[in-house]
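We just call them A, B and C in the order they show up, numbering each chain from 1.
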Amino acid sequence: MPQRPASTYFRLGLFVLVGLGCLVAVLFMLGRKQNLFGSSLEVQADFRNVSGLLTGNNVRLGGISVGTVKDIRIVNDSTVRVGLSLDRAVQPYVKKNAIASIGTDGLVGNTIINLKAVPTPAPAIESGDVLRTTAPLALDAMLGTLNVSNKNLVGITKDLREITHKLNSSDAFWQLLSDQRLALEMHRSLQNLAAATALLQGSATDMQQLTHGLRQGRGPAGYLLTDTAFAGRMRHATRQLASTSDTLAHTLAGLKRQIQTPNGPLNTLLADTAMGRNLRQSLRNVELGTAGFSQNMDALKHNFLLRGYFRKQARKDKTRTAAP
Amino acid sequence: MATSTTVAETGAITRFAGRFFQEGFRPRYEVQELLHQCFVVGYQSLPLVGITGFIMGMVLTLQSRPTMAQFGAESWIPTMVGLTIIREMGPIITALIFAGKIGSSIGAELGSMRVTEQIDAMEVSGTNPFKYLVATRVLATTLMLPVLTILSDAIGLFASFLAINLKGVTSLALFTNNVVSALTFGDVVPAVIKTFFFGFAVGIIGCYKGYYAEKGTEGVGQAANSAVVASSLVIFILDLLAVQTTGLLGLN
Amino acid sequence: MLPAPAPVAAPAPAPAPAEIVLTVANVSKAFGTNQVLRNFSLDVRRGENVVVLGKSGAGKSVLIKCIIGLMPVDAGTIRVLGQDVATLDHTALDQLRAKVGFLFQSNALYDSMTVRENLLFPLRRHWLTHSPGEEDELVRQALEDVGLGHTIDMMPAELSGGMRKRIALARTLILQPDIILYDEPTTGLDPVTAREIDQLIREVQQKYGTSSVIISHDMNCVRLTANRVALLVEGRCYALGTYAELKASTDPAIHEFFSE
């Protein structure tokens, strides 16, 4: 029996392995393309018309193949249920509210299914979901639309013709059009309008400057609007002010009442010293109230309205004394 | 007369094939001889088959370019060439070359062994020559032709890639994608399966012609020649059958 | 009449009351309408060389191919070493064939193998298990027997016709068979080489005590190797006897072979 060197077997093995390797590679590529080996996601979509869709046709999302048509079956006389096998990897990108539609690959290419995303948020699709669909862009539907458009067009042109007819027969309109003075007045009005807008622009500029300063926090108003700590103090001050004026109003009301009563304040004032003392006391109270009010106002001035001013004034004085 | 001879021959070859299935798979198994035959039949045919595949791929590409360019479909060349090679050209060209090389060599080898009584000598040496010579060779051709075809396809596609790059630029990845995009299992699997039958036909006819060679050196030449002619013809007939069968199975 | 070569001795006389190792009884064989063997019968005893003499195409080769089971007989029985060849299954036939050597007319050396591989082929194929050392020893021994020890790694195509015949004989001898069937061992060889082969056949007979059936129409071969001669005429065993007996016969059909 002949002796065979080991290298013979090695080369034979290599030869066979390379050949089988090529075959397996091609089959693997095909399998990946047809989604046979990767894990897939089964979803469904109901169509009225699938336009010659076949099992194995591509499903695309944004123009990228993400799966294939797994099966097509007729559910009833107006519904065809299409089972789609989607790549598991695209699951996060296909939402539950995605819309499936039938399309073609190029002008004369294969029928495909396009998945279209809808802007509103929705959870990712899951196995067994049924997608919404839109009717395919069929030629008869397009012709139907065109028919309606044509009818509308007829109405529009009819109306248009009437309008032009009326216009033609109206003397006033033509007079208006041919009046020279009207044009002149129109021109003047327009000039006035231009002047007015110029003024308006000026005010607008001022306004802008003002608001700009305000935004920067410059000027008392600006400060007022930008300082938050101050706002608190202001609130406090106004509250005090309010209570003071309340007291004042109360007192005055009492005074008025006393004057108006039969044993009015006048005689009381004149006859009764106690009353007079009371009155004095009241007046002191009023004095005290107004003093408080004045104090408050002072504090108010110190706090905001004039503080910036005073500072500026002080700085000005300083520079004036330094200059000479 | 010619017809009746052909029919009789077909019957005899069928019986020979039947004997192969009857005896070929019983022990004792001639594994060593089988491996050696695989080496001779497969590995040593690779250079010839490879060159053929290379030229086939290149010529197909260069020939189809002008026509495709007229239609502005140059980007479809890889797809078209890929389909052509994998579905039909690869298997049939490889099988024909294989029939020419291996069919004739098996016919001549077994024929000369017959006329110099080597086959008888094997029989009296405790060896079933049918198993030792015929079964191993038929199995080897059946198993090796598919491998050769796949390699020839691969070489042909690579040649096509080179030919496209002669007049334009494409990347290997794009080329591969273009080829694979139009392929389906229905293209690849039947094409591979039919090569098993081609290989079996080449082996069984070569062995039959050689095993029953007439006495004398003339018989050897005749065995080699008729082995090539008959197996080439049978390859075409099988190819036709394969097309019809895959069509019936809905794989086309 | 050929001058008797002086140094060649007469074949060794067979031991007279030896057991019969090969029986061919009433065998008939036809190819289509051509009746090759008709009720042919022959017995071969242990250690005996029987030459079957006949014209070309008389069916001599068919006879020994029937004996080894390469062809089925139409009628009659062939018993080799006590076993009926026709009734044996594959395994038993292979076992029997390991004890029967066959030297083919065209040598039938395997062209694709070296001399060593050619010799090892029957050894391994007959399920005979030997260690590599024993195998080497057997191959060397067989080649020594035919005087061609140096050709062990050559291919058959590199050898001359006579050498190939010897290698073929060595391949037969390596199994140390009980019976050897020679199919025209000297045909196509030059006279000198033919005499060497004849000599070898006799040496084998003496050394191993094998029985032989030798098919031949070479009268020198017959004279030098035969203990007995069977004359095959029209499919029958026409005459059986020693070379001297048949040569002395006056039967014209017999005389035809012996007159030159």
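Here is the rule we go by: contacts are C-beta pairs under 8 Å (C-beta built on N, C-alpha and C of every residue); 3 or more make two chains touch, one makes a residue touch a chain.
Quick caveat: nothing in here was measured; it's all calculated off a predicted structure.
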Inset, instruction - Look at all chain centres (mean of CA atoms) and spot the one farthest from the centre of chain A. - result: C
Inset, instruction - Taking the mean of all protein CA atoms as the centre, name the chain whose own CA mean is closest to it. - result: B
Inset, instruction - Express in whole angstrom the distance between the two chain centres, defined as the mean CA positions of chain B and chain C. - result: 44
Legend entry - Whole-Å gap between the CA centroids of chain A and chain C: 112
Inset, instruction - Report, in whole Å, the distance between the mean C-alpha point of chain A and the mean C-alpha point of chain B. - result: 71
Legend entry - Multi-partner residues of chain B (each touching 2 or more other chains): none
Inset, instruction - Mind pulling the residue numbers of chain C that touch at least two other chains? - result: 121, 125
Inset, instruction - Two or more other chains in contact with one residue: find those residues in chain A. - result: 1-2
Inset, instruction - Report the residues of chain B in contact with chain A in the complex, numbered from low to high. - result: 32, 35-36, 38-39, 42-43, 46, 146-148, 150-151, 153-154, 176, 180-181, 183-185, 188, 192
Legend entry - Touching residues (chain side chain C, partner chain B) in the complex: 65, 68, 70, 90, 94, 97-98, 100, 102, 104-111, 121-122, 125-127
Inset, instruction - Would you tell me which residues of chain B are touching chain C in their complex? - result: 112-113, 115-118, 120-128
Inset, instruction - Using the touch definition up top, name the residues of chain A that touch chain B in the complex. - result: 1-2, 4, 8-9, 11-12, 15-16, 18-20, 22-23, 26-27, 29-30, 33-34, 56
